[in-house]
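Letters A, B, C, D and E mark the chains in the order given here, with residues in each chain numbered from 1 onward.
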Amino acid sequence: MTAAPVEDTTTGDASTAPAGAVREHVDRSWWDRYGDATVIWSSRLLLLVVVLVLWQVAAGRWVDDTFISRPTDIVARLGDWWRDGTLADNTWITVQEIVLGFVIGAAAGALGGYVLGAARQVYRVLDPFIMALYSIPKVALAPLFIVWIGIGMDMKVLLAAVTVFFLVFLNTAAAVREVDRGLVDAVRLMGGGRREIATKVILPASMAGFLTGLKVSVPYALIGAVIGELVASNRGLGYLINDSAAQFDTAGVFAALVVLSVIAGVLNLLVGLLDKRVNRWKPLD
Amino acid sequence: ACGAGSSSKAGTLNVGQISDSVAFFPLFIAEKQGFFTDEKLSLGERPRLGTGAKVAAALKSGSIDLGGGVMTDALNLAEIDDQARLTTSLISAYYVDIVVGGSAGKGGGSLEERVLALKGKKIGITGPGSGTEALVTYLFEQAGLDPAKDATLVNLGAVATAAVGALKSGRVDALSFFQPIGQQAEAAGVGSIYISPAAGDVPSLDGDLHGVVFSRQSILDDKADEVAAFQTAIGRALGVIRGDGSRVRDLLGQYLDGTPDAALDKLVPILQKETATTPAVVESQYEVARTFHVQSGLVDAAPSYSTLVPSRFRA
Amino acid sequence: MSTLLSTDGLTKRFVKKDSATVALRDFHLEVEEGTFVSVLGRSGCGKSTMLNLLAGLTTPSAGEVRYQGRVLRGPQTDIGYLTQSDTLMPWRDVQRNVEMPMELQGTPAKERTEAARDLIDRVGLAGFEHHYPRELSGGMRRRASLARMLAGRPSTLLMDEPFGALDAQLRHELQVELLRLWSGSEQTVVFVTHDIEEAVLLGDRVVVLGGLGRVIVDRRVDLPRPRNADDLQVDPEYVSIHRELAAALKGAAS
Amino acid sequence: MTAAPVEDTTTGDASTAPAGAVREHVDRSWWDRYGDATVIWSSRLLLLVVVLVLWQVAAGRWVDDTFISRPTDIVARLGDWWRDGTLADNTWITVQEIVLGFVIGAAAGALGGYVLGAARQVYRVLDPFIMALYSIPKVALAPLFIVWIGIGMDMKVLLAAVTVFFLVFLNTAAAVREVDRGLVDAVRLMGGGRREIATKVILPASMAGFLTGLKVSVPYALIGAVIGELVASNRGLGYLINDSAAQFDTAGVFAALVVLSVIAGVLNLLVGLLDKRVNRWKPLD
Amino acid sequence: MSTLLSTDGLTKRFVKKDSATVALRDFHLEVEEGTFVSVLGRSGCGKSTMLNLLAGLTTPSAGEVRYQGRVLRGPQTDIGYLTQSDTLMPWRDVQRNVEMPMELQGTPAKERTEAARDLIDRVGLAGFEHHYPRELSGGMRRRASLARMLAGRPSTLLMDEPFGALDAQLRHELQVELLRLWSGSEQTVVFVTHDIEEAVLLGDRVVVLGGLGRVIVDRRVDLPRPRNADDLQVDPEYVSIHRELAAALKGAAS
């Protein structure tokens, strides 16, 4: 790493010149820039390979392969599905449900969290009701869902959205509670009203909690949509799982799960990027 | 985890079943009337497992010793497990009905005309690969329709509330569901039974073996005595069902607690007719089922009677 | 000159379960418009509590604060308050922190940027516009806070030890800067400090608080302005004021 | 409120006597003490009554009562179950599963969160795998669960524990990341090692996140256990739900859900108490 | 006297993306065992950065810190560091905060309680044992931190503006207290302050830092101890030192 001074900041033009620091340009090598990411990604790859190899070896040898299938079979099944279009069709449907459900649920949850998180007393009154609603196993209400919302895509989107809602809501509301009073007061002193306090302090300060809510709820967007498809549907990855399971086609079940994991991974990556963007100001280590 | 190891004379059997459909009424009777106790047999775990896949998993893991389901489940299991064995016949009729919304009823018309009228409709089934789906597939193919294109099959799961609810709210146009959903729907004025193989609407399915109990060879070897006792008790229960109608009506009322009386009244004669005469598996009935399953494409190949049914369970 | 800020029977009690900590009791103070009031007092005597009340940040347990003749119910844009603890937004860099009050007042972006840059220069933070608060030294954070407060163009300034964390030289420069700002305007300043010299150098009036905000000394400082720290050392008036204040502070301890 | 000085703190015996504050005894009236709680609880009660009355009125009139039942029927059903022992038996079983699952899952999640939250690099490598596992709809793996763990109580406990684990883990790990470096450094300066840092700083500082994890996962302990009971139901509230649904007995379904909500409420209350206990040091408003 | 702490070519660079802020460059300092070194310097010149390095809290970008002849790799129990910013545990009350270092050292509970109570008394916080940090005034928090640091019985003290937030009287009392503690022991002190008078009053040696931690002045203070603030004002030696330091600080600005 060679460093060359680029800009000297010690010359304030006003009466007060700081005896301060100096900014330098840093020539970072490829490794300085990407070394960390390389290590992480190769570790992940390694781990993945190890798991797959172990799985392949174990299947049929130590564990009954009718229940765990084997990676090669799964890949073969994915290939079949890819060729005959099953994969694209069903994945596309599920992805739509997941994304819609996630966005709607997260938006509603964030809004609810910010509104109720700030209105302490109202939140305290509603809390037990919210928790009671949240605690109801949605599958138990599947009949009601079917009757009220039908068996179309709406129902799956709603199921996904509902689960996401609660997780984002509770995490956001909790984060709002933890916001530093000093910062809120600072905005009040600058003449900020409720709106400004919400957007300029509460929102950025509770970002971490909100993002945890998002991260935690990504999987539930998937689970919600898939459960919806298990309950009532004739397409989507949930249907594929159901169909394969009924035919004892474990490779099919796992193939669908692999696709789900990939979707989860992508969503998780997106949330991670948002996290990075929002947390720029935080120390790295 | 669940007592699969014990093999004493007066032993325990864990019997799993798919649901609380009419097929398992004999088990209920045998339990209620003390037939199992008479045989010094006690039932351990009695899980409702919902799908054939889970029954298979429970059998393989030793969680249950016997699985109650339909022939579809037994044949599916046979495809992946050559130890699969069929032990008991419960219902010798295809006890799935096609139910349509409103009170249109059967109306007239031949079977084919009625099936053609279902073209383009949304039909609720319990799930893919189930006997309910098989019936629709079979009927459609017999009528020259393609079930994949000419109808939308919707999985509703095995609970009555969802099925009847979906029909009532118009989310599906018809149901292909096991008894007593049809009777319940009729009693609730939600729909009416449209095609009923059990009532002889589908001649090629007459005498079809459908409600069965199956197991695995290793368990049969291990618990030979218990299974034999089970068989005897079920035999007595089947006798009860085919006997005094009012007694059956009483027991059915207890079994399907909460089902409207009208539905129960209608069910009793149907049940008496479709209940197997003997717990032993009758070859002719087995063959009807086997043909049906292969023809409707539910299974690729079904084992022969002699492979799947051990000699002491044959009629 | 008319009275701008006045308090009447002001009491602040922090209740916690069955006991209360009384930080301020029956506190009276009148601040005239356009004056510079220095406040001295021992650590924990209630100075910050007082400023919080004057700023409308906390509500009194008893009594009231009047600002421009009306009872103060909450913070006012024309009262600027530099709190004792650091409240820069950690997710904004210096530039955007300083812009914040203008943002809330709806100043156009361009004007805002320029005004902020000018203020940052004045407090000697030029070159650090894009540092986040955690990347600044303690004294730099303090100066950024000062710049932020000034950015709101308040007509009344409440300051809680603004220069305590700065070196002698910088403190001197900022004192001069503050006086320059103040003398050119009609601003009213309440300035809490621990430095007797600073209090006398800056104030038209010095108030010494004892326990619970009891006013021990309330004294006009009639030294001519501009005042020069070095000259003051030998001014007999200054020396006597200094002695009086030091004695009062010492006395408050016992 | 009358206040009388009780203790004067201005007399430090050492050389430095603070000119500080005075402690007073406060005579709080009944209302001062319990007014807040009274308002909250009566608002909740009121809300509950309103909801129930609306439900009762709506059922059969505006909404088909075969799908939503009605409160009186539900109460009647609960009465029946209470009398014949169904309620106590099944509830007891489910409560055991829930509590065990919750405790195991929360303990494992907290441990994992604290360990991996501190080991940043390891966490980053594992993160996608954890999220992938987490995203798998557990119902889809029901056959596997049955094969590996059977259909006994273990399976339900495990299902509950797994869901709870992920939620507590992710919330805790996120909270650990947010802990103030200054406080950690303070402990390092006092000679604290990893263990001390974990117990004396990370643990208390991340309590809020951990508690959010707990709060968010309470419902999933219930849902997990009930799903387990639906997967292979022979007893428990999940069985009651399944059984009632199969019999087209909506009142039964809702009766079981009411019991679940009560359990959720109680657990939530316990978490709330813990929250209060742990957050004593925080400002109230 | 042997060298206790020494630095060699110490550089601290805060890297962020493609640019780095250099806070300290090629910094040399040797501190002898048992001495009291005062450090002066303008705001932002790198004093806190230097202390962080000396305490082993941060790792140098280049160079090394040697403590008792060995390279310092991390914090040491026998180095106490009073940081510039407040790091009291907000969930512990004053008593338990002060007890904390002893808790980590495994002191028995009873002894701990007594020692903590004694320290709390000494810093003038008696009566506030059960207040949480947020219920204290700024100066009180500072004193609680001081008590906590002393509770660890370190043999080397690093202090970053410990008395900056305190009133003149209290500051004086704590200075006396600190000197009393120090003179009765073999402790080594590195004391960062903004107050030239304080630096001279306390130090065996005063170091003035310029930009990037460049040492501008490093001067022995040979005034006899005990020193009295009032007497010093007229001591020609003191006046000359004061003038030299003030000039150095002023010079560092340009």
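Side notes on the structure shown:
In the analysis below, a contact is a pair of C-beta atoms (placed from the backbone, for glycine too) under 8 Å apart; a residue touches a chain by one contact, two chains touch by 3 or more.
Source: prediction; values computed, not measured.
Counted as hops between touching chains, the shortest connection from chain A to chain B is 1.
Common neighbours of chain B and chain E, listed by label, are A, D. Here the two chains linked by the largest count of contacting C-beta pairs are A-D. Centroids built from CA atoms put chain C at 84 Å from chain B.
Chain centres here are Cα averages; for chain B and chain D they lie 41 Å apart.
Computed from the mean C-alpha positions, the centre of chain C lies at a distance of 27 Å from the centre of chain E. Chain geometry summary: the mean Cα position of chain A and that of chain C are 46 Å apart.
Among all residues of chain E, those that touch two or more other chains are 21, 41-44, 85, 124, 137, 140, 170, 252-253.
Looking at chain D, residues 10, 16-18, 20, 23, 64, 67, 143-144, 147, 230, 245, 253, 283 sit in touch with two or more other chains. For chain B, residues that reach two or more other chains under the stated contact definition are 53, 56-57, 60, 159, 161-162, 165, 168-169.
Chains that are in contact with each other form these pairs: A-B, A-C, A-D, A-E, B-D, C-D, C-E, D-E. Contacts from chain D toward chain C in the complex involve residues 3, 6, 10, 16-26, 28. Interface residues of chain B, counted against chain D in their complex, comprise 1-2, 16, 19-20, 45-50, 53-54, 56-58, 60-64, 158-162, 164-165, 168-169, 184, 188, 256-259. Interface residues of chain A facing chain B in the complex, by the touch rule stated above, are 64, 66-67, 142-144, 146-148, 150-151, 230-234, 239, 242-243, 245-248.
Listed in rising order, the residues of chain C touching chain E in the complex are 14, 16, 21, 40-44, 47-49, 84-85, 124, 131, 135-140, 143, 160-161, 164-171, 194-196, 246, 249-250, 252-253. Those residues of chain A that touch chain D in the complex are listed here as 39-40, 43-44, 47-48, 51, 64, 67-68, 120-121, 124-129, 131-132, 134-141, 143-144, 147-148, 166-167, 170-171, 174-175, 177-178, 181, 208-209, 211-212, 215-216, 218-219, 222-223, 226-227, 230, 238, 241, 245, 253, 256-257, 260-261, 263-265, 268, 283, 285.
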